[in-house]
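Working notes for the structure below.
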Amino acid sequence: MEGLAFDIAHLLAGGLVLVSFMMLYQDRLYALLNLFALHAVVLALSVAWQAHVQGAPHLYITAAIALVFKAIVIPVALHRIVQRLGIHREIETVIGVGPTMLAGMGLVALAISVMLQATPEADPLAREDLAFALAVILLGLLTMVTRRNAVGQVVGFMSLENGLILAAAGAKGMPLVVEISVAFSVLIAFIVIGIFLFRIRERFDTVDIQALDRHRGERR
Amino acid sequence: MSLAPGDAVAAILLIPLVTAALLALLPGYRLTARLNIVATLLTLLAALGLLAGERPQPGLYLLIDDLNIVFLVLNTFVGFTTSVFSASYIAHEIGIGRLPRSYLRFYHAMYQALMFGMNLALVANNIGLMWVAIELATLTTVLMVGIYRTHEALEAAWKYFILGSVGIALALFGTILVYVAAHPVIGEGLEAMVWTTLMQRVAAFDPALLNLAFVFLLLGYGTKVGLAPLHAWLPDAHAEGPTPISAVLSGLLLNVALYAVLRFKLLLAANPAAIAAGSLMVTMGLSSLVFAAFMLYRRRDIKRMFAYSSIEHMGIIAFAFGMGGPLANFAGLLHMVMHSLTKSAIFFAVGHIAQVKGTQKIAEIRGLTESHPLLGWGLVVGVVAIAGLPPLGIFMSEFLVVTSTFARAPLLAIPLVLGLLVAFGALLLRLHGLAFGTPHGSTAPVEASYLPMFAHLALVLLAGLYLPPPLVAWFQHVAAMLG
Amino acid sequence: MLDLLVQGAQMALVLLLAPLLTGIVRKVKARLLRRRGPSVIQPYRDLLRLARKEAVIAEGASWLFRVAPYLIFAATWVAAALVPTFAIGLTFSWTADLIAIIALLGSARFFLALAGMDVGTSFGGIGASREMLIASLAEPAMLVVVFTVALVAGSTQLSTIAAFMVSPGVGLRVSLGLALIGLVMVAIAENARIPVDNPATHLELTMVHEAMVLEYSGRHLAMIEFAASLKLLLYLSLIACLFAPWGLAGAGASATACAIGLATYLGKLLVGAVALALFETSIAKMRVFRVPDFLGAALMLGLLGTLLLFVSRSL
Amino acid sequence: MPVQIALWSVAALLATAIVGVARARAAAGRVLVYGTSLAVCGVTILSALIHLLAAGGEAATLALPLGIPWIGARFRIDALAAFFLVVVNLGGAAASLYGIGYGRHEEAPQRVLPFFPAFLAGMNLVVLADDAFTFLLSWEFMSLASWALVMAHHRDAENARAGYIYLVMASFGTLALLLAFGLLAGADGGYTFAAMRAATHAPWVMPLALALLLLGAGSKAGLVPLHVWLPLAHPAAPSHVSALMSGVMTKVAVYGFIRVVFDLIAAPSWWAGMLLLFLGGATALLGILHALMERDFKRLLAYSTIENIGVIFVNLGLALAFQANGFAAAAALALTAALFHALNHSLFKSLLFFGAGAVLSATGTRDMDRLGGLIHRMPATGFAFLVGCVAISALPPLNGFVSEWLTFQAILLSPGLPQWGLKVMVPAVGAVLALSAALVAACFVKAFGVTFLGRARSEVCSAACEVDRIPLIAMGLFATLCLLLGILPGLVIDALAPSVASVLGARMPVQMHVPWLSIVPIAESRSSYNGLLLFAFIAVSAVLAMLVIHRFASRALRRAPPWDCGYPDANPATQYTAVSFAQPVRRVFGTVVFRACEQVRMPPPGSLAPARLDVAQRDLVWDGLYAPLARAIGVASQRLNVLQFLTIRRYLSLVFLALVGLLLVLALWP
């Protein structure tokens, strides 16, 4: 049983990393959103599994939040935004896919190598989970960094945050997980609203952050 | 009347919270402004009572010890003076219609919410709670930075928001890692997130996890502290937000974030196998110092310039705490307090100056000592103090930092002194432009509240000459505690 | 008591001899140029006549212009009176050592230059600025010479040096020779003689000393002329006392010794005057901006002398 | 007791400063402020003199619970401190006296009155301080107050630039001192001077500390190449403040140097002496050459200050060299010469600045080439200024000569030194000193001649009128002191003996017993000097000559147009100006030192246009050292400034890279 539990957790966490990679690869906006939804689903699954393994019912709430909020509400909202703003479908990524993937590989390697320095006494489940979570986080950051587009960056940030939830869930008996996930949902809601309220659009006619940056206190 | 210790803590937390709710509902400018002042004053009194009276036992959530009482008193004090300044500042803003009346409730409510967040972060005995509190404080400031709704303001707020959120995320991961490290030793549940417990048992934690945790925490909270290269949000947020918020940001929020970093440094210091957290802080501190020093030269916006000077001083403080040892830690604490007082005083002056001159462009402000002697000389004293000239307080802390560093690690002292000198040159250059020469722009008298500014400067001057023994003993104890 | 007498005698003597020396030099020069030349006592006549004339001074002249001549004269006289001429034992010899004597001449020059600038004429300015340039180069050279001598004699006190120089312990030294040459060059420059300056000219763009005193007349001019000849005498007796101190009467010596000293002193002066005249006639005046090279050479000689001295000492 | 008195007077000065803030605009305020400063300085002088002469200057200490808490503010008066207290307060008293009258012409009194007493207080505190923190605090406070005074006339862009450069250089110096003290104090912060004396340092500490000290004290005193701020800042201040800065503040810097090198480190080494000799010689020569090239008389005085600092440092170098080789007497002689010269310079430089201030307030210009003939308009000022010129030109029988003479006596003792470097170097430095002394004479002939003599070059000075009485009293006082110190040097040397003994443990022989009040540094047979007799002789013989001639020859006097070889020209422009006076020197030295080049532009034949002489010269120190530094900072800030204008994404990338970098560090951490 223990072994099986471990394997499934491992599988799900690995799946999360995999989806992160796909998001990194994906440069179409809608597809990216769909992938993110998938990301959220996988997260929900793995959190739920953790809840089951640890016998911690409150984690089910987290899973539910992840499922409802991240897998459904947010993607839909972002779909709307993309339509309303009518931003072109292409995400202009900063560097080509190939180098990005290589960088991602490097990051995963780094994450694992760093994590494996931890003494095995810390229970292996948490340890593996953390390794994958760290990988997801780094990949999420990479996604943010390599996207020129606000929506793309938001998605990257959310995947990063998924990694956090994964880590939190993986940490046995960690309190406040639910609160944290709620807090983060609020945070993301803020971000989405920030775009959604068209503050940015009505000022700058685009969500492209470079347009924001043109309006600066000190112009060169 | 003497408060029971528990009540004092409760007061420190509840007064802002209640007032925030109240202010969100109440209309009318005068009333709300007064209420704001009164609330901050009460909070200050509560903090003082806490300082005077005996302290409550640390619980699962709240903790009062020597370290955070320093920050708490400073926090509530500057919060109070700033609210006084804010009253006259906002009055002027509304007078010229730069700020619509409808935003007032929001502004004051947010101000109290910010106070609540920071106080909570300071008294939190629980790394999770602390994280939540700091996130709260960040979000409130984000909203206040954007309050003018101008291009620049929104852009600054957005930048602050994005970078801040990433910082929050990193910090959270660090927090989780700490829990994971503590979990095998302490066991499941809230206990494993309580400072007091952690400090007792940390020696047995897994060092690798702690190191990893510290990296994330340093970057996460370091973003709030504004250490280079994580500083990007800071200058714009200071420059575009209302000046009282700039004062609070520079004077308080940075300290709160630094406090969090310090806590975790303590944690690592208590674990023999962990890496030297100090070296990381020293590196980031030095880089921030030198970087900000050079950045000062090209500034054209007065508030942005002083924001960079805040980065510089945060660098010095981080450096001092990184160096460790009784002298450097003492200097770091002193420098932190002095910087908060001085920098907020400078922002008080700058706020009124920008209002009377109708611009923040350095090039368009000249000869203040002639056109507005009080503001002008106040600015001169403030800048002289922030540049580290005697007889003001920062000179003493810089004296201690430099001398102790040079005796211990001469090579580290060289970039330190270089940064100090370059920054000095830049600040003086701008000061000459601002305060001297033939006056430029409006010379109309300004209805300003000078009290906060000169109160701060007087304190700084006093501290530069004479530190009362109890304060010293207390600082020394904290310094020893910081190792 | 005798020393006091000697001192007084010396003060009178220098006063008495100075114009004569100038006269001799002029006479010899004239002879060398196949002219008969004025008689050797002509300078006395000039001084007297000038002193009797009324003094004509420019409108713009200030009190300084009128006080300066007396100050210059006094400083030079005191300096000259402190250099042993025929006897060492001067009562007040310890009032000023060699450095102080040079400095006294410096004071005289200072006021002379100021006087030259007082009226506000272009010639006065030329004279003053060039004089100060020459002085600024001559003084270090002089000091280095003094340094060499003082190193040998272990003192800057003229009487001590002279006493040491006659003692057998000295012997011939290269560095002393170099010092002598340096001192002579400095003396020529200081006294405004050819090739540095021409005392006989009165309308030349290259004149230095004469340009400064151009506005003077009557008694003031007399004072200045007198000071100039005193200065020449001083330098000659200085050279004599440093490098040819033979026959100097010792401290508290008998009258006869003093007489011998006096005789030898006169002899030395005569030799010096003739030598000077010979030198002046045999050489052409140099351009003003060659003077620095000339004095630089003197400075180098002095330094060389010092270094050689170290070498010879360390052996 | 003396410490208490001194501290109380400092407190009084600070209180006066506050009064100055309050009552700045009223005339009563001026009198009050300067009057109080005068009284306080007088009291301090008295107590210091009593302490020095009566009590023999044994150390008296006092600690206040100020400054660094666990150390407190330590104060101490020993013989050395007492002597410098006298110097400081003498200058302060005279400046205050001068200010009572001079301050009337001040257009912005509210920018002078508060800072003047504060400046005095700062200088006093530096001398009193007995721990590193108090010392540096007072040191920097002194700079700050003087900066405020320099900025008094801030509307003039030149002054603002001067103030900026001054304060930056000052804080550079303070940081250097900070490092030096950090080195001497050690890791556990033994900041008291007592602890530093007691501490034993590693061999590498001494040279490093000395270098830092040279940077710190040298930049304040004006050692080449750290002198650039001095000729800018000193003239910019009101003249009585310039007098304080030039005459007194530089001495405070010298005090700091002596205190640390001879007292705290107290490990003399001959190469350090050699370094000082070199720096001092270079400073003296460069300073006076600059002064000769100047036409702004206040700046000329400032440059000549640099020259005098050079002389003082040469003496200090000699003292170090002698002390390192155990020649106690010779070291005492050199140090005495240094202190004596410091005192003299504070006297005549203040005097000269007072005169300059009088001229400035009378004519409103600092450009000598617009002045001339002032001796007719302002005779008293002219006389005082002349005395100052004679004194600073080191001419007997005034005081400047005595210290110069002692210096040469010390130089003449150098052949005894074993090190060949010193053997060869000292005579060369001596020659350099003689050269610069002669150049000083030239410089002040120029200064006095062009400003006071000749004919008025512009209407401003033909309309000038004498300053009022009180400034003249101040000038007269210092002129008299210059003469007294010149003719009674023995008294001063004996008064200096305890100060010298307190740091060297040796002193010069007692001079009071020497007959006729003459001074004998080593031995009667070796060298001696008697200013009194010399003065008497010159006076007597001058008067005698005048009487004789007036009695027996003529005393008739007739005024006539100037002769000038028959080419008298009524146009005052035909006089020699400051620039033309310096021309021979510029031809000889300037081509090397300043890359000076003159070109004459002749009009074509037949045209009536005047020929023009253009003179161009450069300050090589500035071009070679400071300009590149400023450029470097500019470039660096320009490069870094890009970081202010990145997109959010790039900022995120910065964070990202920082994170990855730190993770890599962790991954690779042993």
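Per-chain residue numbering starts at 1, and chain names A, B, C and D are given in the order in which the chains are listed.
We take it that a residue touches a chain if its C-beta (ideal position, glycine included) is under 8 Å from a C-beta of that chain, and two chains touch if they have at least 3 such contacts.
Bear in mind the structure is a predicted one, so any value in this text is a computation, not a measurement.
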item	value
Chain pair with the higher count of C-beta pairs in contact (B-D, A-D)	B-D
Interchain centroid distance [CA atoms averaged], chain A/chain D, Å	69
Intercentroid distance (Cα basis), chain D paired with chain B, Å	44
Cα-centroid distance, chain A relative to chain C, in whole angstrom	100
Interchain centroid distance [CA atoms averaged], chain B/chain C, Å	79
Chain A residues counted as touching two or more neighbouring chains	114, 117, 141, 144, 153, 209, 212-213, 216, 218
Multi-partner residues of chain B (each touching 2 or more other chains)	158-159, 162, 166, 212
Sequence positions of chain C contacting 2 or more other chains	none
Pairwise chain contacts, counting only pairs that touch as defined	A-B, A-D, B-D, C-D
Chain A-facing residues of chain B, complex	128, 132, 135, 139, 151-152, 154-156, 158-159, 161-162, 165-166, 168-169, 172-173, 176-177, 179-181, 183-184, 188-190, 193, 206, 208-209, 212, 236, 239-240, 299-301, 304
Sites on chain C touched by chain D in the complex	48, 51-64, 66, 70-71, 73-75, 77-78, 81, 92, 94-97, 99-100, 103-104, 106-107, 109-110, 113-114, 117-126, 128-130, 132-133, 135-140, 142-144, 147, 150-151, 154-157, 160, 202-203, 214-215, 218-219, 222-223, 288-289, 292, 299, 302-303, 306-307, 310, 313
For the chain D and chain B complex, residues of the former touching the latter	65-70, 132-133, 136-138, 140-141, 144, 151, 154-155, 157, 160, 163-164, 167-168, 171-172, 175, 178-179, 181-183, 185-189, 191, 633-634, 636-638, 640-641, 643-644, 646, 648, 651-652, 654-655, 657-659, 662-663, 666, 669
Residues of chain D defined as touching chain A within the complex	644-649, 652-653, 655-656, 659-660, 663-664, 666-667
Residues of chain A that touch chain B when the two form their complex	114-115, 117-119, 121-123, 126, 130, 133-134, 137, 141, 144, 153, 157, 160-161, 163-164, 167-168, 171-176, 179-180, 183-184, 187, 190-191, 194, 199-200, 203-204, 209, 212-213, 215-218
